[in-house]
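Two complexes come next, and they have one chain in common, subunit A, joined by subunit B in the first and subunit C in the second.
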Partner chain A sequence: MPSTYTLIKGETLASSAASYTFTAIPSTFTDLVLRMSIRTGAATNFSAIYIEYNGDSTNTFGSNTWLEGNGASASSSRYSNITGFDPSTSVNASTTTASTFSNVELYLPSYTASQNKPFSFFNAMENNSTTGYLKTHAGLYRTNSAISQIKVQTQANTFVTGSSFYLYGIKNS
Partner chain B sequence: MTRPTRVEVNCTTGETSIIELTDAEIAQMEADAAAQAVAQAEAEAAQAAVEAARISANEKLSALGLTTEEIAALTK
Partner chain C sequence: MPATYDPIATTTLGSANNSITFSSIPSTYTDLRVIITPLANATVYYMAIQLNGDTGSNYSFTSLYGNGSSATSNSQTSQTEIGIIWFNGATTTIPAFATIDLFSYAGSTNKTVLATNSADNNGSGTVERHVGLWRNTAAITSIKLFDTSTGRQMKAGTTATLYGIKNA
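Coming up: the complex of A and B.
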């Protein structure tokens, strides 16, 4: 169990934003956790989001393996050699139940270690009117560099006011 | 009309910057929105087809004389 869990930086949006980027992430922790409560203004039922590390938009991501359930069926797939991490059908958009935000967690262990960076990503998108989703991902980012920047962006429209992004650091000692 | 913005926070200094998107970024966002709408329509159509097939299969099994419990047991 982690012996520390420290807020690095975070906020709740007072106005909409197309992306939210944490830069100059300190390398003084062992793991990183990014907790988000997000909803987009896209005129769709759900909205894709996109995670990018260190400003790297090349195809150095190793893989994205996911499992999804929507209350009626389950599905799973895997992508490799991808450009950035695309959790796909992830978060509430404007046609879902009003004021409903998706709960999302990104966990990045050993983010400063000189080795590839496996990570997990969980999201719950609830919707009182039609389909909701529970989705979990196993991801791999192929780099030996420390993670010093994390960008979260919508692939369409913006994160609405009230969306929140909180980055925590965990130390193992 | 207000231009969309993006947020950057420097975790070391604590400084937060709100930056207007460029014309190219706005164009990309609009293209992504159109593509996403198409992708969502396709995903929902595929899901509807699966659900229709499930209902059809249940009706055929019922017509063969299987009970609701027996059909449910087959799909677990």
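Coming up: the complex of A and C.
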């Protein structure tokens, strides 16, 4: 029986970058998993990132509902009719403890199916000095098109050197 | 390096059905994972699992739940199933997405389950995380995913895959 959890592409940044894009994602898998260890250079404790599918930066096809804990309380919020996927502010930035990166996993099931695309997004930011975040999102990209491109970008800053982005494909046969 | 993440079985519904069952699960893996993207045929949808056909009150679970405006947590004891998806506001064209992890499923201890539901509908939706317990020491050989209301079904096109994960 074949192994079905396969690295498609990945990289650990040797220099800072405002975004990282996976292009020409093959349609030969069933699900996609993007695992990231990221930190931004923004002069704050935590920073926003943004995910865009298929280069679609204008249509308001995105939405997400999330559940978060900040070490003191839990809450839930939602964005509707947005461009791309904005998972709110959540990853380590430059004023958090040095050499500390946030763990993020994006899971896209049935990414080539001709139906709306649900996905999950799980993010952890821990800092041992100020607020940490644990966030889990239900995302939706309202298109029937296969997903062939994923862009991860910061909002008004860069991913620092050492941030990593690894995309895996999972086959169900 | 040996294969460690293998598809065991996939079911895609050709017509609406209340349940999907994976049976005759081999004991040769360490952990199991189910991936399902259910399309509901009703605005209220509740998906649960039962193991090895056990319909007794041998399950319990603790849940964390967000609906876009509030976060809650609750626990259920001595249940006849483990709840995975509770969604009031589902649509028939937008699938939910759930994962179910069963650890050491062939071991001789009680069986624990971690489950997630990610279901956003652009204006409604839920995010759920569950930990479940089946108080039984038998190896898991079948998993039934179903709606506890027999009148509610998963639509045609709903796909579920069972994966086996080996630790060696």
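Heads up, the rule we're going with is that the second predicted complex is superposed on the first by the 167 of 173 C-alpha atoms of A that agree within 3 Å, B and C clash if a C-alpha of one lies under 4 Å from a C-alpha of the other, contacts with A are read in each partner's own complex, and residues count from 1 in each chain.
Convention: contacts are C-beta pairs under 8 Å (C-beta built on N, C-alpha and C of every residue); 3 or more make two chains touch, one makes a residue touch a chain.
What you see is a predicted model, and the numbers here were worked out from it, not measured in a lab.
K.L.:
Tell me the contact category for A:167 with respect to subunit B and subunit C: first, second, both or neither.
P.N.:
first
K.L.:
Who does A:12 touch here: subunit B (first), subunit C (second), both, or neither?
P.N.:
After superposing on A, A:12 lies clear of both subunit B and subunit C.
K.L.:
Can A:44 be said to touch subunit B (first), subunit C (second), both, or neither?
P.N.:
So A:44 only meets subunit B here.
K.L.:
Identify the partner contact of A:136: answer first if only subunit B is touched, second if only subunit C is, both if each is, neither if none is.
P.N.:
second
K.L.:
Give one of first, second, both or neither to describe whether A:31 is in contact with subunit B, with subunit C, with both, or with none.
P.N.:
After superposing on A, A:31 lies in contact with subunit C but is clear of subunit B.
K.L.:
With the two structures laid over each other on chain A, which partner does A:57 touch: subunit B (first), subunit C (second), both, or neither?
P.N.:
neither
K.L.:
Is A:23 touching the first partner subunit B, the second partner subunit C, both, or neither of them?
P.N.:
Touch partner of A:23: subunit B, not subunit C.
K.L.:
Applying the touch criterion given at the start, work out whether A:156 contacts subunit B, subunit C, both or neither, answering first, second, both or neither.
P.N.:
After superposing on A, A:156 lies in contact with subunit B but is clear of subunit C.
K.L.:
Which parts of subunit A are in contact with subunit B and also with subunit C?
P.N.:
Touching subunit B in the first complex and subunit C in the second, no residue of subunit A appears in both lists.
K.L.:
Mind listing the subunit A positions that touch subunit B in their complex?
P.N.:
Subunit A residues touching subunit B: 8-9, 11, 13, 15-26, 42-48, 70, 72-73, 89, 131, 153-158, 167.
K.L.:
Would you mind writing out the residues of subunit A in touch with subunit C in their complex?
P.N.:
1-5, 30-31, 63-69, 74-78, 80-81, 107, 109-110, 113, 115-116, 118-120, 136-140, 142, 170-173
K.L.:
For subunit B, which residues count as touching subunit A in their complex?
P.N.:
4-14, 16, 18, 21, 25, 29, 32-33, 35-37, 39-40, 43-44, 47, 50-51
K.L.:
In their shared complex, at which residues does subunit C touch subunit A?
P.N.:
Touching subunit A from subunit C are residues 3-7, 10, 35, 37, 39, 64-71, 73, 93-97, 99, 116-127, 129, 157, 159, 161, 163.
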